[in-house]
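Just so it is clear, A, B and C label the chains in written order, and each chain counts residues from 1 on its own.
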Amino acid sequence: MLAARNITKRFGTTLALDRADFDAHPGEIHALVGENGAGKTTLMNVIAGRIRPEGGEASLDGVALPVGSALGALKAGIAVVNQSPMLFERMSWEENLAFGGFETGRFDLATVAANARRLAARLGFALPYPGTTIDERSMAERVRLEILRALSFEPRVLILDEPTSVLAPSELGAFLHLLRRLRAEGRIIVLITHKLSEALSVADRVTVLREGRVVERTRPAETSEAELARAMIGELPEPQTRAHLAGGDEVALTIENLSLQRDGHRILDRVTLSLRAGEIAGLAGVDGNGQSELVEILARALKADSGEIRMIAAGGDAALAVIPENRDLVGLILDMTLWENLMLSRPLRERATRRAWLDREHAIELCAGLLRRFGIRAPGPEISAAALSGGNRQRLEVARAIASDPRVIVAHNICRGLDLAGTAEVHRTLSEFAAAGGSVLLISSDLDELLEMCGRLFVISAGRIRETAVSERNAETLGMLMAGSWT
Amino acid sequence: MIVSSLARALGAVVLAAAIVALVLLALGASPIGAFVALAEGAFGNWYALTDTVVKATPLVFTGLAISVSFSGALWNIGADGQLVAGAIAAGAIGPWLGGWPRPAAIAILLAAGAAGGALWGGICGWLRARRDTNEVISTIMMNFVAAQLLSWSVHGPLIEASRAYPASTPIAESAHMYMFFSPSRLNLGIVLAIALAVGCYLFLFKTAAGFELRAMGRNRRAATFFGIPTARLTILILTVSGAMAGIGGAVQVSAITHRLYEKMSPGWGFEAIAVALVARLNPIGIIFSSLLFGALDNGSQAVQRGQGVSAELVQVIQALVIIILLAFDTPMFDRLRNSLSAAARPVSRTTTTELSDA
Amino acid sequence: MLEAFLSSSIGMATPVLLAAIGELLVEESGIINIGIEGAMLSGAFFALAVAYFSGSTALGLGAGMAAGAAINALLAVLVINLAVNQVVAGTALDIFAVGITGVFYRKFFGITGKAFIVPLIPKLRLGPLADIPLIGPALFHHNFLVYVTIALVPATGFLLWRTRYGLSLRAAGERPEAADALGLDVYRLRWQALLASGVLAGLGGAYLTLAYAGTFVENISAGRGYVALAVVILGRWKPWGLAAASVLFGAAMALQFGLQALGTTIPYQLFLALPYALTLAVLAIVGGQAASPSALGEPYRRP
């Protein structure tokens, strides 16, 4: 049995964990749920020896686990599969697995591969061709490789941190099935997730963390998604205002036959879609099917090989605001100040520029106004963006997009990493924007979000786009479409 | 802010000096004697003082070249070659400017210098933008090519009439820079340098283009995403910074040497890195840090004469100053830094960040 | 004549290749070392100084290697432990090496024009192999350092791609956070790479003074360290590629003597500039750095 008692952890002045208790039995899948920042990952990092707690101890089968030693925890039988697979992109899968426990003697990739194939077969999935590198593999395969690597150490405990956040809906079933097989082998499986439906469907027990404290322990049979959500955020979640704004007749944006090739691969294949004024349309797809490139083309950072983008509004490019997926690395420049980050948006910059001079005062005032209007918690426009929390950074990005007065907003995975309240807020802002006549293209892999927010839904797979029929707009069919059943 | 910058700069120099003192002791020379000689050589009398300014002038030009490129995360290590290229252009056209009125002749000379340096920098800019060629390597290679070009010029096509020395034909008198306070070597060049520094400051911090450059320096990927024309900026900035270094070379020819010699730069392009870092890449600050390093250069001659310690000692000081400043700006010295300045910036992994206040 | 040219090419290629191999190790671990020129120069000087004053070539070689390692150790503290900007730190060390070697040179050898000469490391004839026409003298009649360098090429390939250590090293350069999460000590791996490369660069420098020139002149390394950086890119981060690129550079350097012997009227400066211009031209043609380790040049701080 895995047991953790009284775990307390501070990061600076923040109390990440407050005397948290946790236990899990062999042959059990135990879901650990909570908001982003509730402390789930921190708790597991403590157990896995990656972080030293200020207080409390953890043990496995009565034997105390080494504190602050990842290697020690590994030897004691605890393996972790990270939130985004910690693999080496340019190395082959065999080399990646060589970091596992598949062979400990003389360095021999062939032995690693052979042992890995055996284990994979036992678990019911196949491995790639010899020598292929990770960057050519899909996300699902990467997750499986990472699990395989963790399992090669023959762990008693397998901790999986949000593994399904990168999986396509169609791959979910196979993954959960894999978990059940591992459970049948008598291992302890801890599943960290914020997706309540998954937790309820596969777990034997559920523990809820909120702000570093354990607030509920229960079984799926004795609870529901709504109740778990309430435990997670401490109150009933606001009912979502349905935002299926279908829009008027006026077409705001037309994308026609956009194609892009790179290194012989077709990234985008005659992509065609149109957006109407006042509508929120969705583009559903598993990451890596061309969305990022499409976003870059719309942002004018990348040129398509062929095709056209037409905007009705006068003002051309200025009428389209893009919120990119990678907030901290692309959307914002963390060491610049808030007002400087605002100035990254070309329309805003042009407004603040008079004959090549950048009007600093104007920009700072603009920023201050936006901070107020969007409720961004910050001491002022001149602090660095790195000082903002994740949620506030997102608010800043949304604020920047809206402040540039666009006709169309394109948002890519905009709610990733946000908690329920933050997500609701962003959605509300976008709904208001659409209600006022703007158009929104929501590009996401999150079906819940898309189904909730969007009227028309498109699907993208392998660079091709297709509009879905009303009858197809449910999780199961969409999942299949996202997996490319039509290409 | 100014006080803390000053404290930081002086602190680094003092620490470097302390380390050098130890080296001197190890060599059997007297640190006190050396530093006294240094101070005397740099400030001891009127001529020394003016010569400090004279020696600072090329550092302002190359320092600005470094500051502008580094602000865009363009690692221009070729300011030396760009300065030499500018000098060659100036030295080549100089002798032919006899018939021109003086302001025009000087202007043409400086323009030639700018063109030479611009070419030298621009090639590397183009290679980086279009061929993804590492600009550190390309600018360094161009340094060597420039040196050989200079050598060939003064031995060959540009050699002076009597063919007795490896030096070029002297430039026309009309192209001589305006001098002040003769017989000192103080000249208009320093005024031009200061004007250029102000211009760079305005560009970097007051214009939209300067903002785009700084954004590019902090995060090229984000900059590209927001439509900042990073490729075009790369070429433009390396060309412009090359031009500035080239003007520096032309000023040397016009004001000091009046002709070309085998060696025109004692490493100003590298020293400029220390100059720029001490000033945190701020063009106005570069004016002052150039004076500091000019003083060191000037004084080191006296140290060599008096103490028998090689003038290269000053390069050791330059290197130590860079190293100390680099180390000082890391989290390890956060507390020390916080106590010296009001606002502490969180440190990140983008490369230009720790180097500047931009 | 042609034999002399080929032989010279190999000889000139050797110090560059030594430095390049070291740089390959360092770059695979994720660091770009602009200071390699400084390590070479220091190695050159201290090898000569120690060899001269002690009378022992072996001690000289040792001192050269130690000097190179020392310079790189200083860089390691800066770019690994303090995670500062690698380009600027490397450049600082180059300036430092020029200064330090200059100061010590004046101090020990005075400002007189007297040349301080040491006997060159002798060449070895590899028996019957050296009698093969044309390539015999080119490949099999060199001092032992050349053979050591040639042997290092496949050895480095083996280390990097066929051993667990090499895998760990490459992991550190590919994605240091992942390597860290896997329990690898990224700092230690990078330190080892920098120290090893310092030894190699120092040895390359020592070659210049002890096997090539027999004496020290200011800036004897003449940018070979920087060329080594280009060689790594040109060789696509593969040992045999590095060897080929080094030989190309060596040939460009050897060309200068060959053509001078021919008595052409082409100015000698062209030949002096040729290796650098050629390096630049080939870099431009061959293009980018897509084959470089993913995390190259990014400072990494342990969380």
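To be clear about the criterion, a contact is a pair of C-beta atoms (placed from the backbone, for glycine too) under 8 Å apart; a residue touches a chain by one contact, two chains touch by 3 or more.
Keep in mind the model is a prediction, meaning the values are calculated, not measured.
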Pairwise touch network: line, ring, star, complete, or other: complete
Chain-chain pair with the highest tally of contacting C-beta pairs: B-C
Distance between the centres, which are taken as Cα means, of chain C and chain B, whole angstrom: 28
Chain centre separation in whole Å, for chain C relative to chain A (CA means): 45
Centroid distance [mean C-alpha coordinates] between chain B and chain A, Å: 47
Of chain A, residues touching chain C in the complex: 50, 70-71, 74, 82, 86-91, 95, 98-99, 107
Interface residues, chain C side, partner chain B - complex: 34, 74, 78, 82-85, 87-89, 91-96, 98-107, 222-223, 226-227, 229-230, 233, 267, 269-270, 272-273, 276-277, 279-280, 283-285, 287-290, 298-301
Of all residues in chain A, those that touch chain B in their complex: 296, 299-301, 317, 324, 329-336, 340, 343-346, 349-350, 352-353, 356-358, 360, 384, 386-387
For the chain B and chain A complex, residues of the former touching the latter: 206-211, 214-215, 218-219, 221-227, 345-346, 348, 350, 353
Parts of chain C lying in touch with chain A, wherever the complex brings them together: 162-164, 167, 170-171, 174-175, 177-178, 181-183, 293-294
